[in-house]
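Each of the next two complexes has chain A plus one other chain: chain B in the first, chain C in the second.
For the complex of A and B:
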């Protein structure tokens, strides 16, 4: 627990975007994405304006574009799906480079890609410019139920502890000749997951007792 | 696996958002019964465990891999209400901190993976527990069955939402067949892993498995004579 509690996507900085209160950023993100999602397919100039706006925010945040670009790989499975749409979609067909593609499918795929990419980039920008405690406070100010905020706080706090534990268990299993990707070793993997659950549950009990001994009464001191 | 932004239209996203909020609201009340004042730390740690479990990939077919959804697993281990909370928080953290799953699709993702998967998983588990002999050894197969059912169920509901508010002109029938057949395969992986994990916890700490409590309560104290040698 000695290491900093900074989450993995966060990029340290002091730009105006970093300094904006988290609840404002959250509301802005949701409003922006609702507009993006509600944009009808084929309004390319509108998507262009949205992209320029978003890139403006990214530039103002002074997070290196390459830092964000590398983390956009989470989008890849979705891109594969979007690229499949013109092949399976209904409607009149057109020939592109000798392939028979659906015209409405092409438009839909373009719109899916535009919206998905804007969504991932906007979410990445929020994650890169907001620290976890600030985001939690932002959610609290937006009236997210207190219990949910607390659960989320505990999850974020122990995320690196539990994933680190899982990492050490996997290393130990590999050192003993277990190959986690092979179905033959699933029983071993499942036992490891079982003991990870028991360890997490017991850690939860210890955390709860430690909190009680410090006067916890169901709500965290602010 | 997570639905991104722009996949479903805005009205559908908002409607699933309302469904998700109602479901999480109910779960917040229910979880107090399952975990009392331990709810916050326990659900937080179990959510972390579910997140770690989702990092484990298993190969499906043709070089692609699926990962554990964990809905049925969490329902059997900590009870359905707490499981809904854990899964919802996992999805919220993934959307806000990892850009995994769109922010406007958060309601959809919570509805599919936290509500449908957990509820279907729990109902199937409770049904199977009733049918199978009342022994601790029946808990793991019942959990496996629940794990299997939860994945195609979520896929079927997704297809339904896609038919209502999908943003791609694809025939719903095609989507249904593709989604169900693909997720039946993933469901088998989910079933095996859920069953094995629950089985290993039942073997070591049956008292921690929420789904095993009725069976444990009926167990009688057994005193055996052992001849000392």
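For the complex of A and C:
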């Protein structure tokens, strides 16, 4: 409907990374993330090796770096948090550019930033090189319980419908002089969210009826 | 006359909250007929539709599809025989691609492999959407989605096609394309609609439901030109539309 006509995370291409089966990519991502998370704070060289590896995969996928960089804004809240840590953490302090910062805080912030950035970039690379339906089939092949795969499938299918509905609701609110961004109108926004929830819930019921009407008995045909 | 494809007798239903929607509805549709079910908002049309494939169970009365009573034990076969196309195609199309969605019904009926694939493509062909088989449904226009929704039901090879407001939200060209498709299908149709010109164009016979009872059942032309009946049940023709001025009505 109002939403864009392609998935905002996927970048169409035919690179070796695109062609790798989804379940292999999923396993690789999970393994990579476990290693990244398990790396002790301060092992900067090791993080460097991980980054080089990841950038190699990005290069092989031929997804433009700018495309990924733009989508990395989701990390911003973590970056803000990481930047605050050296100011509030305790321990021996050191002077950087005239500011007194906590040394353990700096190390913790650095580790948080490194892990966060690696994680976000790796996930975005997976999303950019794998179409959502393939991802679901990959999860199925990895024996993820069928019900969970179904739920994720519905989420992907209806994400655009629900965001489209929210978009139309906020447009209608603006048209009547309410600015959803202004805190003064947050109570209205909260009520809008409530009604969006009810609408989505009712849509869920209608979808279920439509499925029953076509003989749904608890499992989707593969 | 032949045995009715759809037979509803004395159907009454009250929602769990106590609101009674149907007060004894009698309706029969014979093979090959195209019947319009007309009525104002809140007349109970959708409630009636949900009884036809056993989604709602009657409080009193019976529904029979080609001789098969609509009861729990027969739900699977009834839902194959009665194809319901819901008003909002986004409710009906929920899988990743058009092909998967059209295959959903027949696959639930146990169809597999090549036969399933053939059935899917035949159904998409009938609605002129075969070229879109591998597209995600939410990337299609509203009119295309409505046509795919019809295909998802045709794929189950139904004996009767029940359409809930098929022309709603369609632009005039999509509306006409859908009419052409519906006319080209060799299937019995029950069409719930507020779009009276559409009913006149497609359905020789009309049934009027008002306040949970059938108040008229006859030729669409006769119903639409019965001014007293129309006024009494909040049915109105679009401004300037006069059925009497139309020469070639469907037989």
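Going forward, the second predicted complex is superposed on the first by the 202 of 222 C-alpha atoms of A that agree within 3 Å, B and C clash if a C-alpha of one lies under 4 Å from a C-alpha of the other, contacts with A are read in each partner's own complex, and residues count from 1 in each chain.
The rule we apply is simple: contacts are C-beta pairs under 8 Å (C-beta built on N, C-alpha and C of every residue); 3 or more make two chains touch, one makes a residue touch a chain.
Remember, predicted model here, so these are calculated numbers, not experimental data.
Student: Mind checking the superposed model to see whether chain B and chain C fit together on chain A or clash?
Tutor: With chain A aligned, chain B clears chain C, so fit.
Student: Determine, under the contact definition given at the top, whether A:75 touches first (chain B), second (chain C), both, or neither.
Tutor: After superposition on chain A, A:75 lies in contact with chain B alone.
Student: Determine, under the contact definition given at the top, whether A:155 touches first (chain B), second (chain C), both, or neither.
Tutor: In the superposition, A:155 touches chain B alone.
Student: Kindly classify A:133 by the partners it touches after superposition: chain B alone (first), chain C alone (second), both, or neither?
Tutor: In the superposition, A:133 contacts chain C only.
Student: Contacts for A:90 in the overlay, against chain B (first) and chain C (second): which applies, first, second, both or neither?
Tutor: first
Student: Of the two partner chains, chain B (first) and chain C (second), which one does A:124 touch, if any: first, second, both, or neither?
Tutor: First partner only, chain B.
Student: At the CA centre of chain A, how far apart in angle are the CA centres of chain B and chain C, to the nearest 10 degrees?
Tutor: Once the two structures are overlaid, it is 70 degrees.
Student: Applying the touch criterion given at the start, work out whether A:29 contacts chain B, chain C, both or neither, answering first, second, both or neither.
Tutor: first
Student: Which holds for A:211: it touches chain B only (first), chain C only (second), both, or neither?
Tutor: After superposing on A, A:211 lies in contact with both chain B and chain C.
Student: Contact-wise, after the overlay, does A:200 reach chain B, chain C, both or neither (first, second, both, neither)?
Tutor: In the superposition, A:200 contacts chain B only.
Student: Once the two complexes are aligned on chain A, which partner has more residues of chain A within touching range, chain B or chain C?
Tutor: B
Student: By how many Å are the closest C-alpha atoms of chain B and chain C apart after the superposition?
Tutor: 8 Å.
Student: Determine where on chain A the residues touched by chain B overlap those touched by chain C, and list them.
Tutor: Touching chain B in the first complex and chain C in the second, residues 132, 153-154, 156-158, 161, 203, 207, 211, 220 of chain A appear in both lists.
Student: Of all residues in chain A, which touch chain C in the complex?
Tutor: Those in contact with chain C are residues 1, 3, 5-6, 132-133, 136, 153-154, 156-158, 160-161, 203, 206-207, 209-217, 220-221.
Student: In their complex, what parts of chain B are in touch with chain A?
Tutor: 1, 4-7, 9-10, 13, 24-25, 28, 31, 37-49, 51-53, 55-59, 77, 85-86, 88-90, 92-93, 95-100, 102-104, 167-171, 174, 192-193, 196-201, 203-205, 208
Student: For chain A, which residues count as touching chain B in their complex?
Tutor: Chain A reaches chain B through residues 7-9, 29-30, 33-34, 36-38, 41, 71, 74-75, 77-78, 85, 88-91, 102, 104-105, 108-109, 111-112, 114-116, 118-120, 122-124, 126-127, 132, 135, 145, 147-148, 150-159, 161-163, 165-166, 180-181, 183, 186-187, 189-191, 193-198, 200-201, 203-205, 207-208, 211, 218, 220.
Student: Quick one: in the complex, what on chain C touches chain A?
Tutor: Residues of chain C touching chain A: 50, 53, 55, 76, 79-80, 82-84, 86, 88, 90-92, 94-97, 103-105, 107-109, 137-139, 152-153, 156.
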